[in-house]
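You will see subunit A twice below: alongside subunit B first, and alongside subunit C after that.
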Partner chain A sequence: MRFDQARGLRKSMSWLHTWAGLVLGWLLFAIFLTGTLSYFRNEITLWMQPELHSARPDEKGLDRALSLLGRVAPGAAQWQIALPGERSPVFGLNWREAGETEGRGRPSMVEDDGDGPSSGGLGAQPPGPPGRRAGRENRGADEGAQWRRQGPPEASSGLEAREGRSRGRSGGRGAERSGEERGRERGGRGGGGGGEHGGPRLSMNPATGGMIAPRETAGGDFLYRFHFELYGMDRALARWIVGIATLFMFVAMVSGIIIHRNIFKDFFTFRPGKGKRSWLDAHNATSVLALPFHLMITFSGLLLLANQIMPWAAHYAYGGSVRAMMGEMKNMHAESASPRSGESAPLAALAPLLEAARRQWPQEGVGAITISNPGDANARIEFRQARGVSLATRAYPQSMVFDGRNGQLLEAPRAAEAPGSVRAIWSGFNALHLGRFASPLLRWMFFGSGILGCVMVASGLVMWVIARQRDRERAGHTPFGHRLVEVLNVAGVAGLLLATVCYFWASRLIPADIIGRSRLEIACFFIVWLLALPHAALRTHREAWVEQLGLAGLLTLLLPLLNALGGGAWLPLSLVSGQWQVAGFDVAALGIGALLILAAWRTHTHVPRSSTTTQVGTAGTQLQMEEA
Partner chain B sequence: MTSGTAPASRLPALIERTAWLNTGLRVLLAIFGAYGVALQATALLSVTLPLSRIEATMAAIMLGFIVQTLGVIWVIAARTVARAALGIILPAVVLGALLQCLPSGGAA
Partner chain C sequence: MMALASFVLLFIGLEALCLGMDRHARQLAGSTLPGPLARCARVLGCMALLGSAMLEIAQRGLSIGLTAWFGLLTLAAMTLVLALSYRPAWLGARLIRALLGRAFGSGPSARP
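Moving on, here comes the complex of A and B:
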């Protein structure tokens, strides 16, 4: 298409769609894939820590947790207990010693966060913005670095240091109601301990009351972080890169919709085995089938990065203080910790209180328990909802506070303030993006939609090559640009799949007690990904696809076996004993592995129909779309 | 609009006719121009929308991404580079002027 010639809107938009999609397409695929896997970040971490697979639920778990805390942290100012739930089989225990103040009140749009002001007593200062999002404030990065230095000594990599920070913060007094990440950290993690031995966070087997020291692993958190912070670079810079890619994605999607006149017809159209036409159908089908999801995930991704990439609104409205805006956004309440009385008193029985809290939140459940001043007459017991009530308030879990001595209710759950409509929309987007919903079915549906998104991006990339088949025939050779895209497609799509599965393999093959294993796992991921590039360049296009997809498929298919041999709960056992988190991983691995093998096989046996169809059969991915 | 014979109009005509210049300018306008206008729009909306401050800010950011996307579409779809540029520069000037008039605008 030429801009200096007359052309219709669809033609212009087609150009826009093609190039906005291609330029950062490989990065977008990586973001989509790792982001999709992040919906099961806890489950992935759990799978990577087979030590935790032996944990079983038990009625008496809470009593055991209390007695364990009483043994290991008798004088602590505060205990925190993350209850096992549908996403974690173990109790997560941590505590804060008296006099210890920790950085807290760092609200964030993204749920984790880790950096931010490391100082700041309770309510002593307005809640600060997470430094890493305050891209324009270099201070943020400095603070992040400072935190990294101050991180728990056992943290051996940046990633773990961040883990440690979030953990430290979870360990802090549950002062602010932001709770966005806390709800998750406390309610949902546990399995996601990741690499900390003897630190302030313990994992406890509910059935035995014994501590479990899981192996150090980068776990699902690495994939999760990679999808918005990449790896090994300045976080603000990484967020800019991801933000720009997201903007390209959004533009590509909107222009793609404009191109589509027959959006509903395409929904039902699939003409397999017709070369370019099939690819187009597949691309359209995966795009349109999950279009609401794609639009939601992309737009909410922009909102989550908005402070970085669209900073002027907060800057103007808040007189230059992004910090102030973040605080207001999070609806933070500062609370003062109740002082210790000095008089000792036994703790009220927790079971009836827990029962009361569960009656209060029959749907949402209790995610975590915080006990301040345990053993003191002035003890407080706080129960926190596992997740918020409605989508619009999901980021703000409610809590109930009881007197620790007599079990009197001190603070009933605050009725969720009805958020304004704009705020409800904003929070709803974020809650959807972050998967903050109750139903496992919905989570799987989002996972499936994310996979469709991956196929959408990948098929779009492949189509760029296929659509230019005629150009290559006319030219009589493959221009460098075409070959470059071919190679990057193989390495960016099949290579990343291979790297991801090798990451899982590495987590089991690296000896469990080695120091700094999580860094080795990550190194394996990147080395495999990097090696995929020369491989794709040295082999023919078809060979490269077949070999990388086939190997990735084979390794994925064998993951359940690796799990069984590597000390984890093997599939029949996890199914029988109802360990759905572990079983889900293995079953998904079987399914995805089979699809990848099928894709490789179809590519291998694909015979180009005519000169106008592709000679590079990648029909397998197309098959996946049929499945979808 | 560039068909005049005056010397001043030759450059625009040259730009329109030279494919790489035409495309390159549009790409620059789409990437930086649309983003700039979107930033200005978010700033203006965040202080003028009749909502609470936090809601106005959120609404402004959400609308900002829409403005940016529409800006990109305009730049690519416009018949000529001149029209594409006008569609970016005119809003930029108007928004800039409005922002200057705001009492709190100077804070930036």
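Moving on, here comes the complex of A and C:
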């Protein structure tokens, strides 16, 4: 396009769409893919830790959890019990020792933990001394030394407030962290529904009451953190990069809507086997049909990174304290814990109280129990919903508080106060992006829409090549730029798929007791991804697609087998015993693996229809069709 | 279970919308529908979509209900698009033709 000539809106927008999409397309694909997988972050981590697969639900689990806590933490100021549920088969047990100051306000009113570690957000850390958690975790201390960072922490701007919290969520990952941060992080992982009070986190098998020590893994948390902080670079810089990519995504989306000629007329249209036309149809279908999701996820992603990209408003209004802003946005109010009376008293029976709470929330269920001052006359028992009911309140779970001695209801679930419109919008988008409120069905729909988003980006990238096929024929040779895009497409799309599945393989093949496993897993991921690049450059375009897609498909298809041989719950067993978290991973792997192999096969057998069809045309369409 | 009901309702609604569009009516019914009938299909389709939205909202509350509805909409539309391209027979094309044939004696009239 020439800029010195007048042109129509659609033409300008078309130019913008093409180039905004291409320049950051590969990064966007990586963000979309890892972000989509993050919806199943807990499940991925669980799959990578086969030790936990042996856990079975049991009626008496809660009693066993209490007696285990009574044994290991008799004098604790607070016990937290994350109940097994939709997202975890084990009890997660945390506690806070008596001497520690309360690290945060009332747990139910602050950021996160409604449904376990996955719910982590880019939120503010509530006031409190984070450092106290250092080294309290079993592996925290020695690992912390390895991960010691060189420079000062990045916490100069408002970033810090956001950082602490989100870092608290992260899994074993991050090349540069101080021991203190590391300890805090491990403490944060304990938040499986119980809040982040630091302290050790134990996994308990409900059926036996025994503790399970799972292997160290970077888990789904690596993918989650990668999708907004990339890896191995300064966090602030990474968030800038991701933020700019998100902006480009938004620009590409809006311009794409403008240049789409007949959104409604072509709403249901897909014409397979027609080369460029099919690619355009597929690109349009995956974009338009999941448009609500795409707009929501991009816009909310921008909002989540807004403090990074545009910190000035918060700085001006809150005197530089992003933490204060976050506190107000989230409607946090700290509440002091009730003091110990010093008089000991047995704890009221939990089962009837749990029953009462379950009656109160028949749909949402109970996610976590917090017991303050256990064994004291001043004990309190708090039940928290497994997931919240409204987006406007950040899908924050409600809670019920009982007197720990006689089991009287002290605090009924509060009706959510109507938030102001700004906060409601912010909260709504926040909750939507993180999917904290999502029931399993909704979670799968988010996942499916995310896959459509991946296909949208990938098909757009492929279309850039296809649309220039004729120029190339006219020129009689392949310009360097075209070849570069081809190579980057293969390595960025098929290579990333391959790297991700190799990451899953690595997590199960690396011996369980090696120290620093998580770094090895991550190294495997990046080595494979890096190798995809020279491979794509050395092979022809079609060979590269076929080989990388085929290998990725084969390895994905074999994941359930790896799970079975590697000591996990194999598919028939997990299906029969209702371990949906593990079974879901295996079934998804079978489905996606089969589709990738089909895509590779179609690419391999594809005969170009005419000179305007590229070699990958139809087969790639197949890929997106099937993946969709 | 309720989600399945809304999905089915959504799917039927979207298919009715398809029948109201010339290109897809040809795929489904073999020819375009006469004007009033096409309009009728579109109205019915929209009503089914609204109905499923109301079902979801009644079930899950406004905010999460709408979220779930959009998700189901995407799922249903994607299924429909794939079926239209690869397995139109699964969409009850024969049933639609038979019904239209009953209604118009010798089959739906092709519009010029």
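The rule we apply is simple: the second predicted complex is superposed on the first by the 508 of 628 C-alpha atoms of A that agree within 3 Å, B and C clash if a C-alpha of one lies under 4 Å from a C-alpha of the other, contacts with A are read in each partner's own complex, and residues count from 1 in each chain.
Basically, a contact is a pair of C-beta atoms (placed from the backbone, for glycine too) under 8 Å apart; a residue touches a chain by one contact, two chains touch by 3 or more.
A quick note: this is a predicted structure, and the numbers were derived from the prediction, not measured.
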Let's test your reading of the overlay: on subunit A, do subunit B and subunit C clash or fit side by side?
fit
Once the two complexes are overlaid, how big is the angle at subunit A between subunit B and subunit C (Cα centres, nearest 10°)?
80
Look at the residues of subunit A and decide whether subunit B or subunit C touches more of them.
B
Quick one: classify A:580 as touching subunit B (first), subunit C (second), both or neither.
neither
On the A-aligned overlay, A:601 touches which partner chain: subunit B = first, subunit C = second, or both, or neither?
neither
Return first, second, both or neither, reflecting whether A:240 touches subunit B, subunit C, both chains, or no partner chain.
neither
Is A:432 contacted by the first partner subunit B, the second partner subunit C, both or neither?
second
Who does A:445 touch here: subunit B (first), subunit C (second), both, or neither?
second
Of the two partner chains, subunit B (first) and subunit C (second), which one does A:231 touch, if any: first, second, both, or neither?
neither
Enter the shortest inter-chain Cα distance between subunit B and subunit C once the structures share a common frame, rounded to whole Å.
18
Residue positions on subunit A within touch of subunit B in the complex are 2-4, 6, 9, 12-13, 15-16, 20, 247, 250-251, 254-255, 258, 299, 302-303, 306, 310-320, 325, 328-329, 420-423, 425-426
What part of subunit A is in contact with subunit C in the complex they form?
265, 267-272, 285, 289-290, 292-293, 389-392, 395, 428, 432, 437, 441-442, 445-446, 448-449, 452, 625, 628
Note which residues of subunit B are touching subunit A in the complex, please.
16-19, 22-23, 26, 38-40, 42-47, 51-62, 64-65, 68-69, 72-73, 76-77, 79, 81, 99, 102, 104-105, 107-108
Of all residues in subunit C, those that touch subunit A in their complex
3, 14, 17-18, 21, 23-24, 61-64, 67-68, 70-75, 77-78, 80-82, 84-86
